[in-house]
Structure formats: structure tokens, C-alpha cells
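After this come two complexes, each holding subunit A, first together with subunit B and then together with subunit C.
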Partner chain A sequence: MPPATRTRLERALLAVCFCTLALYPWLYSNYLSTTLTQWLPDTSTAFVILAFTVMGLGLNFVVGYAGLLDLGYVAFFAAGAYVAGWLASEQFANAGSVVFGGTVLPKTPGIHLSPWLVLLAAALFSALLGVVIGVPTLRLRGDYLAIVTLGFGEIIPQFVRNGDNLGGFNLTNGAFGMNGIDGLGFGNTVHHAIHTLPSNFLNELDSRWYYWTALALVVVTIVTSLLLRDSRLGRAWIAIREDEDAAAAMGVPLMRTKTLSYAIGAFFGGAAGAMITLQAGATSPDAFSLQVSIFVLCMVILGGIGNVWGVTLGGILLAYVNYKGLFAAGNTFNSTFGTNVDISQYAYLIYGVAIVLFMLVRPEGLIPSARRRAELVEEPEEENVGAEASPA
Partner chain B sequence: MGTGVGTAAASSRRPILALVPRIRSRAVTALGILLLGLVAFWLVENAVHDIGQFGLVTLNGITNGSIYALVAIGYTLVYGILELINFAHGDVFSWGAMIAYSVAISWLGADNHSGIELFGILAVALLCAGAFCATLNVAVERVAYRRLRNAPRLAPLITAIGMSFVLSNAIAVVYGFNYVSSEPLLSRRALFTIEGQSYGWDKLIVLLITVPTLMSLMVVVKRTRWGKAMRATAQNRDAARLMGIDVDRAIAFAFGIGGALAGIGGFVYLVYFTQGRFDLGFQIGLFAFTAAVLGGIGNILGAALGGYLIGFIENYNSGLTWHAPGPSWTESLIFILLILILVFRPHGLLGEELSTRS
Partner chain C sequence: MTAELLVDARAIRKEFGGLVACNDIDFTVERGAIVSLIGPNGAGKTTFFNMLTGAYTPTSGEIVFDGRDIVGLPQHKITALGIGRTFQNIRLFGAMTALENVLVGMHSRLRSGLFRSLARTPLQRREEKDGRAQARELLAYCGLSPRAEQQYARHLAYGDQRRVEVARALATNPKLLLLDEPTAGMNPKETIAFVDFVRKAREERGLTVLLIEHDMRVVVEVSERVTVLDYGEKIAEGTPDEVTADERVRSAYLGTKPVS
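Take a look at the complex of A and B:
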């Protein structure tokens, strides 16, 4: 296909996709038949799907661009979630009342910042954590890095679980997690400004707010990904992914470049974590298992490592299957055959089989990036010549 | 010329710059020694505090460490030969425990027998678990990893994670999501006591199985043709193939040995803890893998040593009374140790210095 038409076709497709996603809450509630909505997520579930897509895109900076295998991405989810808990709940009630632009009444005990600020703070804190984790560990290569990140992914939830008594100080509420976290939204600010709005228009509990915020974050993440990919930094990442030694020889500062990819990936992971927490209104250490890291990693792999559109598609698809598709399939199965199988119990069996089959049949992902496709096609032939001893 | 001046300036600065890494590595060494000293002091203080408890905890550490060692060797064999973290290995171990349960308790009713009959039943269960897991591990390699041997690094790793999900959830399909458990199979009657703390058959059998197993493993790896082929393949696959070694069979052999050891580990776990569940292998697998890295991945003796070290850390941390962080921090401690080892001594305790292979 000639590149020009491909771009035009892609643009049209993209516009259609975006409009469908933006109008999804209306479409879902007004225009779709019940047989279809049975298979489609409601707005809150769609929000979760988009939030996880942001995580997939964030991990793509690390795994896809810089080629650093991160098996502990859930650490940043946890960091974002707990920052949201600290800055928008009654966790620190005995510190007095700090209310700033939030959705709660003045004088509410605890710290309640505006959720938008909380999102930013969570993202920045996660990025900082990414740097702190990255600086000592990113010197390691390949599998060793994977193991260390896996270790961090296990340590941080345990720290959170035990964090209710750090020298007598209750930082995280331990295994109970944090509850009563404020919601997203502008509170009553919008209604105060425009009196003619109906009182239930986009109030803070409206799930559409969350949905559109998540969608906006997806767009921001995609745009950031694309801009960075074509920047000097992005080229440095890809150079490192292809050959670390060659990149270093060409003058790419390895540590700084790797740490930046880690921090940027963490930034979006933290934002997504905070958003999910603000919507759920609660968070607990049980939410941060290795499974989440793997789940997000699978989005990147399934979609096509390093390809933004592939990862977006993979993210939406996998999160859909996990949060809606599997239940819908189970319900349909049960009602058709009159059985009573709880298919979600076997979700991980199904995922496992899917991962293995997928890697065997199409390891490059649904929409592989052009560069990786080239690698995957050429590599076996090169290896047979005799470079097989060190599969890079 | 500019370059000449630059070179002169650089060479005049070099002695000082060259000192920096040396000072840094000395500082790291000093810090490491200090840390080890603190740990030693803490152990001695605990031993003085309550010698009985200390002795018991040490013996428990050996017992748990044996299980980690058996599982860790499977990781180290596979990593040594394929440079693949076989995430599914922990779940092969779980299968070992479950098969041992099925054979010993459901099928042969070990809880109703005693004496020589009981030992016969246990021997059958041990053999079944080992054989089953060896077959299972070889099958996993054949189905999931062999085709990806020349694929980019990430592909087999992800497949291994997928296999891990498949194996552990397959247990859930067969045995359900809850624990299967039995009455203690071996009498907990004390063989001897230290300061009121008893040591029974249930612990001794762990050592009675593990030590001969590890010894015969060393013989197999060091002395037999198969072991030699495996080591040659691990060193250089192409050269091994040129020397007429069937590389596929050598790799399958490594998986088989690793699987058998995991199966024996599963049996030992079942006999000692008398319970098992589908997700058993997850944490034990992670700990065992840590043990393999700790000892120097690819090194069998190192994996065993690492396994016992992890066993000690776990039990000292959760069992000692004087200023121990407690069981809720065990996982963190072990992973922090792993991270420290990887950052400061990536080749582990016994491993050889690796060249900078990416």
C-alpha cells in the first residue's frame, strides 16, 4: 500500500474510533439494543478499560521503546493509588483539615486536594519512584532487570500492607486499605458558575466524568508517545533497545536515557492508578499482585511491542475481555447450554492458554511496529548462520 | 590541536578519576562487611537470648531450605542452558505436591498405614511425583519453548508466564481452589529435643530425601554422558552441536532433571506441611528463583546453597524473637537481598563472572 493513502485511511479510521469512544456513554445508554449492550461495558467499566489502557501505554515506554523488561509495573499503580488516598481522603485526619479545590465540603478532616491536582501529584510521585527504583537497577541487563523489577513489584505491595505501623505511624492503613477517597470532578464549581445547568448535569458521581477523563488521558498518553518516539530521546530509546553497546558507543547516555523511560512510564502508571482509585473510592494492597503487572505487560505484547496503536488496541481488547467480555461470554454460554459455570474462575487458565498460543503463532503482536516486524522476520535466518549461542 | 590538549588534560586528571570507582567499591565492601557483621551480631544475640528457639529455627531453616534448594536447581539448570527464566517451574512443583497427595493419600491411603507400609507408600508417591513432574516439564519445553528458541528474548519469557498460569489453574480445575490437606503422615514424636524444642521424623525425612537426591544429581551432572552433554550445551550450543551432541535432547534432559527435582520437592512439601493448593508454587517459585540467582545462576551447587540461605532468612526472620522484623516482612527482605545481590554482585555467590552478554 502506498504510504500516502495508508495515512489518509488511517486518519479516517482514527477519527471514527475517537468519535465513537467519545460518544460511547450516549451511544451505550440511548442507541444500542439490549442484546448488544449485554456484550458491551457500561460507562464505569469502560472507564476502567481506558485507565488500564493508559497503563499499557505507559509500560510501552519502558518495554516497547527502551526494551527494558519490567515485571513490576504494578508498583507504580500502587504508588498512584496511595497518593490519591493520601491527598484525597480522611487518612491524615489528625493533621487537621486541608481542603483545596476538592469535591468535599470545607472543614472536612484530612487532606482533600482537587482531584486534578491529585492526578498530577500521583503521576509525579510515581515518576520519582521510578527514578529511585531505576537509578540503582537499570544498569542491569535483560532478565536480571526483569527479576529486580519483579522484586520491587512484590516489595511495594508488602510495604503497603505492613505500612499501618511504621514505627507507630499509620501510613497506609495496612491490609484494610484506604476507603472514602474523594471522587473526580469539579464539585459544585461548574454549577456555581453556570446556574442554568440542571442539577444532575455532570455531577461528581456521574460516571461519564471519569470516562471522559480517562479518554483524555489516553489521548494525552498516545500523543506523548508519538511525540517522544520521533524525538531525539525516542531514537535513543530505540537505539538502546536494538543494541545497548552500539548505542553507548554512539554517545547515547545509557543511564539517563533508561531512567527517563522508566520515569515517564511510571508517570502514566501513577496517573492511571490514581484515577482508578478516585473512581473506586477505595484501594487495598490486594489489588497489587504480580498478575496486574503481567496483565499490563500482555497488553503491550498482544498489541505489538513498541507500536502505540497496537498497544492501545491490545490494552482496550485485553481489559475488555477481563472486565466484561469474559463475563458476557460466560453468561451467554450458561444461558445457551443451561449450565452454571463461573467462567471468571478460569480466567487465568484461559489467559494462560491464550498467551502461549499467541506467542507461538504471532509473537510480534496484533499490529507490530514496522521495525520489530523486520527484526522478527529476519532474525531466524541470521541466527542459523551461527550467532545462535547468544540469543539477544 | 584541540584533541591533543584534550587528551593531555584527560590524562592529567585520570589518576584521580581512576580512584573514584576504587573508593566506591571499597565503600561498598565496607558497607557489606558492616551489614554482615550486624546480621551476625543479631544472630548471636538471638542465640544467647533463647538457645532452644534458635536451634529449632535453624533446623526449620534447613528443612524449608531443602525444598527451596530442590526447586532452585530446576531454575538454574534451565537458565544455564537456555537463559530462560522458567516461570512455570514453580507450578511444576505445585503439581508435584498435588500428585504426591493423590497417590499417597487419595489412592493408597497413607494416613491409615504405619511403619514399613507407610514408607513403601511414601516411596511410591515420591517416585510418581518425580516421574510425573519430569514428564510435565519436558512436555512444557516441547510444546511451549522449543519453537521459540530463536525468537527474541521476550517471547519465551512471556510464554513461560503463560505456561505458569496454565499449569497452576489446571491444578485448580482438577483439585479445586481450596487447600487439600491430610493428617500428619509421619509421627511428630520427637527424635531428640533441644532445650524443650523437639525434632521429629517429619523434618528428618526432608533431609533424608534431599541430601541423597542432591548428591546423586551431582553425580549425574558431573559423571554421566548425559550430564556432560548438558553442560556442553549450556556452555556453547553451537559447539556442542558440532561435536555431535543432540542439543534438543540435552535441553530436554535438563528440563526432565529439573522437573524431577521439583516433583521430589513437591512431595517433600506435602509430607512436611501436609497441605497443598493450586497457587502453592507461586511464592515458593519466586523464592527458589531468588535462591538460584543468589547462588549464581547456572551453578547447581550455588542454587542449593542459595536455597538453604533463603530457608534460613525466612525462618530466622519469622521465628526469632529478639528484634526480628517478623513474618510479614519476609518477602520484602528476600527481595531486597535479591536486589542487593544483583546490583552489587550480579554473578551471585558462586557464579562465575559473566561477560557482558545482553
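Take a look at the complex of A and C:
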């Protein structure tokens, strides 16, 4: 059966999950025992986990819905990160001082837009980049597309590395990356406009605000996914994933539809990249490795390709393991056995083994979409084999 | 002005490397007719369909559909102009429900894009509701039981898959319906029912039908004109009786080369 109306139990479960997540910073610092907090991420780490979950959900539009294997998703993370750098740091100090809602004092050199605007700009710029990359590449199918996107994922960091001298213009600061990027906050402009705002709002907000912003972004991404899934556009994506030629014959414009999925995926990838950069206050081309693309792709696969809830869970779990779980496990291991093993060295070995095991035991993902389950279940009729045949 | 001819294809040629799959074929279809395209396996029939729908671009030649040259148009534009099709090997969207398959067929008729879908505007909601109602009607029209509407296409029985495929093609609101071996795998009773269905649909929906068919009884029964292809060449054309009497057709079907 297709995703019908949610049952009451599911609604209640969702509400509980959301409330727990919303109250997490508070729970973490006030109510949890140290034995538990040893295993749980602090608020800043929890922020990173949610930001990466947004990336997983963003990639799900491309890989899960439209079925386009994108191995270069990190390109959009990079785009978002650098837009944050351009619009909220002293990178363009030569251009004078443009302070508009940024969390800096007036007359600070460089561009300092309100971080909320920066997030939006990063997402939009990234979506635009998605269109620019998508139009020439999305004509390719399957493995070819995977290889070309892989290429773009490598080209973008290279471009960033060499972008410190574009005809004499320093766009990216090269291999050093950008530092001193502003944080989240409301800034002087807003402070002056709304006098009732407490004076500490001039400063950068604390980690809870990052966390809540990321949580809000997760919610926006999930809602977007659900609304689009049950729409003309979402159906066209899934049709393309199922059978591109048949979709075209039914009147689905392939290029436009695919590019749109790519751009929407890029939109959320860019937003996440900017969020993470605003928190870190710095970014550099070293952060844009193939491993990031693969990591995010694993979230989609682990969660259950195409299922929004599965990908959310997969994203949170995988990012948790990467940013907290593994350390916690290593610490527990060392303190129990009196050893001194650096478990993070074996992270990729552990992931590799885990993915292989997972694919063997539960190839449909944690929470597979009903559609995906339909694909993996034995077909009732042996005659259907012909349905897979290639050209029409 | 509506021309007499719905399809007017001239000297259509398709080469795959050295292989000439369609060799300068002239082909016309009158408005409202049921026309069959027959010929042995590998004759180039499906290739011809693929050129009509824009899936393949002809190596040379021109195709005028409903007064417009359609060569080189992207497939979705051709579909929107009014060519709907089914596939020789059923190609449904397996992990979508029967209903959703038909809704995809309506793609070019529905309007809601990204922003309307996100905002769930009244227009978008009405369009979805009407679309679903129409899709249900179409499925019922093609003989699918309401129970099967919500099943994944992959899980439907073979006969139901064929029905959904026809419903999906009709959902594009075609002027010309292309059916590629629709009776393959049907028993004689189902075949007779299907022939009746094609006639009925033609009357009720103002269709023109072009049919690739192997079963000569179906061809003789349903079609007003028949074109015969063999090794990419058009070897005969005419009424079913004329064609079945043709010496070259007989030998092509018996697998021997004509003597001449």
C-alpha cells in the first residue's frame, strides 16, 4: 500500500521524537547522568549531526527520488561553505566595509551580512551551481553520471585551492581556506532596530541556537520532501528512477525534471555547508573530500533509499557514530581493558564492514519506503522478467 | 484546418551502425483509422514506433504529425502534441501504484510545479483531486478492478499490467495511440476482448490507432489498413485482404526470401 494517512501512533511517536530533539540541549546539560552523557553528543556535536542529516535528506532528492547516482555531493557543501565565507568574513576587506545584520561591529572591513541571509544566499547559490553542473551532466545515465559527478566533486576543491589568484583576484584564499567567519546571531543592525532585544544578542549566539537552527532546517527539509513526494514533480522523479524512457514517453521532460531534483538537493547541501561553516568559523578545501560525498550517500542507503524517515534516522545514526559514538566506544574500550587504542583510526574499516554486513542483512535500509520494499520483494509472476528489457 | 492525414512520414530511415533498421519508409495514417504494422521479428516495427515518439531520431526523412514536423522534437513535446504509446515489453513504473502510473501519464496536462506543490495552493489541490478521479476512471475504463488501483504495478498480474499500460497511454490524451504487440501473452478470449476494447476506445475517444501485431487474426479483424515491413523495407501495404494475399508477404512470413 502507498504512503497513506499516518496512524495516530505514528503521529504520537513523531511528536515525542521532535520534542525530545528540541529539548535536547537542555536535557543534556541538566538531566542526564554522566554515564549517559559520555555516550551522547554535546550540543555542538549534536548540531553537526543534524547539519549532516540535512545533507542526507538533500541527497535523497537526487539519489532516492530521481535515482541519479551523485558521487560529488560535497561540491554543494563546498559552495555553501564558501558563500558563508564570502558574505560573512573579512575575505573582501579591500572592497571596504559592508555590514548588514552581521554579528560584527559597524565599519568592520569585508562583507558581513546577517547570517540568516547568508544561509539563504548559500542555499540559492548552491542550487544555481546545481543547475550549472546539472545541465551538461544529467544527460548521462547510471554509471556515467556517477563518474562525472565524482569528477565535479574533485574539481570543486581543486578550483578552491587555486582560486586565490584568478587574474589577480583572490576569491578563495587558496589552500589556506577562510578564517574568521562570523557566527550566528542577530547583529548590531537588528539590535538597534529592536531595542528590547537583550544586549547579549549583539554577540554570537551560543551553541543551542546553532542546534535549533539545524533542527529547524531538518524539519524544513523533511516537510519539503514529503510535500514534493506526493506531487506531480515527485511522481515524475520516481518515474524517471523507475524507467527513464517510459517516463519520457509519458510526457515527463527529463532534463528539466532531473535538473530540478539536482538543484533542490544542492539547495539543502549548500545550506548545510553554510551552517557548518558559520559554526566552525573557518573552512578550507581539505574539508571537501570524496569521503564526505560517500558518507552522505551512505546515510541515504543505510536509511532506505527514498524514504524520508529512514534517511533522517540513517543520517542521525551515521553522523552520531562518526562524531561521537566511535570516540565513546573507544574510550569505554580503553578504560575497560586498560588499553590505548585510537579507534578513530579504524573508522573507515569499521564503516566498510558495517555497510557490507548491513547490505547483506537488510538491503532495503532501516526504514525502507514501501516502494523500495516493493522492488525487493519477489515478484508474483515470472512473466514480468521482460519488463526490465532495455530499449523500447 | 485539420488535414486528412494524421501521420505523414516520408522516406524515414534509421541506421544503427551498418544496420538499416528502417529503409526509407513512406507511411501515412488517416485520421480515425486503425492501422496495423506487421512483419517478422527484427523487421524494424518497434524502431519505427520509437521514431514516431521521438525516442529515436531518424537518420533521415521527415515525419509530419497533425500538420507539424516533429523530427528532432524532444519526446515529452511529442507526447504533449498527442502521441501516446505502450511498450512491447511492459514498462510500467514498477514501484509506483497503478493509479500513480496513470497520473504520470497525465504529466503534460497537469500544471502544478515546485512552488505550487510546496504551497499546496487550492489550484494544486483541486488539480490533484481531479487528476486522481480521472485516473481512476481511466483505469476502470481499461478494465482494472478498483481493488488493484493502489497496488504497486510490479505486483499486478500480467493482464492487469497490460491494462494499466493502456490506461497510462490514454492518460496522455493522445490523438494517436501506438500499441506495440498489445495482445502478446493474452489468451484467445482476452484477445477478442482487447480487439473490442480498441474499437470502442477509438469511437469514444476519437483515437487513431497504430498497432504492431503478430496475431494475423487480430490484424484482419481490427485494422482498416495494413503495412508490412521486412528487414527494414516496406514490402506491402493495403487492406488486410490485399496484404494477406500478397506473395511477398507470404514468403516473408514463411521465412523464405521472395524469388524476384
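Going forward, the second predicted complex is superposed on the first by the 354 of 392 C-alpha atoms of A that agree within 3 Å, B and C clash if a C-alpha of one lies under 4 Å from a C-alpha of the other, contacts with A are read in each partner's own complex, and residues count from 1 in each chain.
Assume contacts are C-beta pairs under 8 Å (C-beta built on N, C-alpha and C of every residue); 3 or more make two chains touch, one makes a residue touch a chain.
Keep in mind that what you see is a predicted model, and the values were worked out from it rather than measured.
Peer 1: Classify the contacts of A:Asp245 with the two partner chains as first (subunit B alone), second (subunit C alone), both, or neither.
Peer 2: both
Peer 1: So, does A:Leu228 touch the first partner subunit B, the second partner subunit C, both, or neither?
Peer 2: Touch status of A:Leu228: second partner only.
Peer 1: Give one of first, second, both or neither to describe whether A:Leu23 is in contact with subunit B, with subunit C, with both, or with none.
Peer 2: neither
Peer 1: Of the two partners subunit B and subunit C, which one touches more residues belonging to subunit A?
Peer 2: Partner with more touched residues of subunit A: B.
Peer 1: With the two complexes superposed on chain A, say which partner A:Val356 touches: subunit B (first), subunit C (second), both, or neither.
Peer 2: first
Peer 1: Scan A:Leu9 for contacts with subunit B and subunit C and give back first, second, both or neither.
Peer 2: A:Leu9: touches no partner chain.
Peer 1: Output check: A:Ala216 vs subunit B and subunit C. Expected answer is one of first, second, both, neither. What do you get?
Peer 2: neither
Peer 1: Where does A:Ala95 make contact in the superposed view: on subunit B (first), on subunit C (second), on both, or on neither?
Peer 2: It touches nothing on subunit B or subunit C.
Peer 1: Which subunit A residues come up in both lists, the one for subunit B and the one for subunit C?
Peer 2: Dual-contact residues (subunit A): 243, 245, 375, 379-380, 383-384, 386, 388-389, 391-392.
Peer 1: Report the residues of subunit C in contact with subunit A in the complex, numbered from low to high.
Peer 2: 46, 49-50, 53, 55, 74-76, 79-80, 85, 87-97, 100, 103-105, 107-110, 112-114, 117-118, 120, 124, 127-128, 150, 152, 154-155, 157-158, 161, 168-169, 171-172, 180, 185
Peer 1: Taking the touch rule as given, give the residues of subunit A at its contact with subunit B in the complex, in rising order.
Peer 2: Subunit A residues touching subunit B: 63, 69, 136-137, 139-144, 146-148, 150-152, 154-155, 158-159, 161-162, 243-245, 290, 294, 297-298, 301, 305, 345-346, 348-349, 351-356, 359-360, 363, 375-376, 379-380, 383-384, 386, 388-392.
Peer 1: Considering only the defined contacts, which subunit B positions touch subunit A in the complex?
Peer 2: Contact set of subunit B toward subunit A: 79, 83, 85, 143-144, 147-159, 161-170, 172-173, 177, 236-239, 282, 286, 289-290, 293, 328-329, 331-332, 335-336, 338-339, 342-343, 346, 356-358.
Peer 1: Given the complex with subunit C, which residues does subunit A contribute to the contact?
Peer 2: Result: residues 1-2, 224, 227-228, 231-236, 238-239, 242-243, 245-254, 260, 264, 370-372, 374-375, 377, 379-381, 383-384, 386-389, 391-392 of subunit A touch subunit C.
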